[in-house]
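Order of writing sets the chain letters: A, B and C. Residues in each chain are counted from 1.
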Amino acid sequence: MSAMLQVHQLVKRFGGLVATDHFDLSLERGEVHALIGPNGAGKTTVMGQLTGELMPDEGSITFDGRDITRWSTPERALNGMARSYQITQLLEGFTVLENVMLMVQAHLGHSFHAWKPARQQDVLVKPALEALQQVGLQARADEDVMALAHGEHRQLELAMALAMKPRLLLLDEPLAGMSHAESMQMVTLLQSLKGQYTMLLVEHDMQAVFSLADRVSVLVYGHAIACGTPAEIQADDRVRDAYLGDH
Amino acid sequence: MFPESISWRSPRPWLASAIVLLLLLVPLLSQWAGSSFYLTFATRIVVFAIAVSGLNLVLGYGGLISMGHALFVGLGAYVVGIGATHGLVNGWAQLVIALALSAVVALVTGLVSLRTRGIGFIMITLAFNQMFYFLAVSLKQYGGDDGLPLEQRSSFAPLPSLDGKVALYYLCLAVLFAVMLLIWRLVHSRFGYVLRGFQANERRMLAAGFPRVRYQLSAYVLSALICTVAGVLQANLTTFSSPSYLSWQASGEQILIVVLGGMGTVMGPVVGALVLLILEELLSGITQHWMAILGPAILLVALVSQRGIWGALRHREGRP
Amino acid sequence: MAWSLLFSQVLNGVQLGMLLFLLSAGLTLVFGIMNFINLSHGSFYMLGAYFAAATLAHSGSFLLAGLVGVGGVMLLAFVLERLALRRLYPKGHLNQVLATLGLLMFFNEAVRMVWGAQPVFTSQPAWLNGSVPLFGMAYPSYRLMIIAAGILLAAGIYLLIHKTRVGMLVRASSTHPDTVAALGVNARLLNTLLFSVGAGLAALAGWLVGPIVSVQSGMGDDVLILALVVIVIGGIGSIRGAFYAALLVGLVDTMGRAYMPQITRQFFERSVADAAGPALASMLIYLFMAAILAVRPGGLFPTKR
């Protein structure tokens, strides 16, 4: 198996604070890798550096053999990386379908087409509907995106990431704020995607992590203190110490 | 021809049609009223609506607060004025020169401005506006502070002479309708989606894979060109090119019209221009200190609304 | 080169800088802390000049004129902020631009209604007439007083911001407004006071500048633009930035206007130079700002939020 994503000794400082402290990560093709850690451990900062929204101070990120450390966010998106956000980042003022259509559109060359209505273009609509179908939202396609419930927003986040036909899915707390029933639905959905996509999953919900992940990395104060299968991690004393009372 | 389905059960298409019809009939109505004042006044409104439609593209649909679009109106007006002074009265030639010049200025100022965000963008567009304002004032041989009278109106042969008030009006109206249709189709196209997407959530758009600057810059240049066309028509209407067309107060007035009428709607600029100019006319008939009334009225509008008149109408129907 | 002329231009530049600082200090804090862009700030400057001029005409006391000018404007600003402007803080820059443009329009017309459209004449106090011998020339005492006043006020503001509890709250509010509010500090009162003090400083500038400029409707409009340029160059929210930027802008603008015609004559033929010189001088400040923003989009002293 070849490593799809290789993160090597990543360091990020904010003034005097070291948010990412020589972080290493290796993601194999097709695996679901979970990143867990106590609050404030720096998971979002790591995510930001992986997607290009933050630039690391030291270290490197290699994706499919290419050094993408300094690549911009759009460049990474166009080369197979898709992210879903912890706090939903939706396009207000558009419908559910249009939100997904824009993700499809980004990967269809340039958008300097100013005359034909986008809504009537099958090449945009069909893949968008398919992505919505995958997450079970196709019935809500023509509704204003703000009319959806929170759980449906999270589903839409996933649909938008999937519509980009990525090779790597970066999922930032996809279950955040969901009810138990909604979480179960989402976990089932993610399980159905296993094998088709390589996934890096940042999550607090331990049940979900242990049922989905092939391997787990534990992040404490910006550093990976352990990496292994869910069973190995559960048995690890260092992890227990770090998580005292956390779950 | 229309990029979206029109529901005739809602009041908006009826209202819009009524406004279009009214605008088409103005010369007739003006004749009935016995004075050409109404025709000239309506032409002013139409020209404003064109300029503001241009601004609406970057402000209403793109979310970029530009205090510098009066610059492009002034540019169009001065090309006509200076051209006529040197014997160039072919409107088509003036138009081409004005558009080419505007495109270059918009490209350069846009590239610099788009490096900044928020207040920085407002300030830098304002700065560029001021620069060209002072440039216009310094052109002593072209009137300087006093402005430049137009020697002769532009000739857009084979179209009838613009010395005829009716001909000028219908030319302006045709341009307005063309611009409105262009913008209507544009905002529903792929390009429009990208532009509006960046206004809605820039972070998401970047994460999708869209580079930002090229799309916002294109919209900026296009909006500048529309304002330039308005400037060309403005000079022909007033037979005058004045630095006041480039003042920052003029830019502010454009912003007011867009917000009042309804940002991000095609009818907004027309409605805004109609309401503001008619209001100004009515108020100035009551008192010479009408600005003391209009000022607080604007304050009130800003305190109360964000959507503007047409935007509020849309909102009532549940359209985003 | 005429050295005494150069020195007097430098002093003029510093004097303009001090006035710009008085105007920008309030503007930058209000922007940095309440995220509120106030295009009617120049109106406070104008009203300060008018109130002071009217008081001087009636009482003959320059200092009383200052008191009324500054106090009157501060009261006005206090009421305005409480009644209307604070509602605009969450509404975004566009609404703020519009609202304050409306206010600007109102104030310009209001002073015309009360005092007429002709410029109002007001005079310097007798004890500041005359000049001080400096660098081989006689520099007007009044202008020197403005420079001294500006430096004193800048020092005072610095002490207030960095050495008092109120100042600490102001500094904390500029980077962490929610935290300060959570600490139980009456953030709204702090904001209102801040706004009033900013307006008061602008009015002070108006009072001081009355005798040497034309006091008329709209006098604050172009000065406002300069103040906006200053705060953008200095870094929004930074008093220190406003001080240095104000000095820079004052110097660049004054020296530019004084020497640009000569400079352009070196490069262009006379008729072009005579037209281009003043135009370039006016544009200089904006070119300067664009250059700074190109390199440092956050200004000289960017405040991190």
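Annotations
Basically, a residue touches a chain if its C-beta (ideal position, glycine included) is under 8 Å from a C-beta of that chain, and two chains touch if they have at least 3 such contacts.
Keep in mind it's a predicted model, so treat the numbers as computed, not measured.
For the pair chain A and chain B, there is no chain touching both partners. The most distant chain from chain A is C, comparing centres defined as mean Cα coordinates. Ranked by C-beta contact pairs, the top interface belongs to chains B-C. Of all chains present, the one whose mean CA position sits nearest the global mean of protein CA atoms is B.
Centroid to centroid, with C-alpha atoms defining each point, chain A and chain B lie 43 Å apart. In this assembly, the C-alpha centroid of chain B lies 32 Å from the C-alpha centroid of chain C.
Look at where the CA atoms of chain A average out and do the same for chain C: the two points lie 49 Å apart. Shared interface positions of chain A, defined as residues touching 2 or more other chains, are absent. Across the complex, chain C is touched by residues 59, 65, 67, 112, 115-120, 122-124, 126-128, 130-131, 134-135, 137-141, 248-249, 252, 255-256, 259, 289, 291-292, 294-303, 306 of chain B. Residue ranges of chain B in contact with chain A, taken from their complex: 3-4, 185-186, 188-194, 196-197, 200-201, 203-211, 215, 218, 318, 320. Residues 31, 37, 39, 84, 87-88, 91-99, 101-110, 112-113, 221, 225, 228-229, 232, 236, 275-276, 278-279, 282-283, 286-287, 289-290, 293-294, 297 of chain C touch chain B in their complex. Residues of chain A touching chain B in their complex: 51, 53, 72-74, 77-78, 82-83, 85, 89-95, 98, 101-103, 105-107, 111-119, 121, 124, 144, 146, 160, 164.
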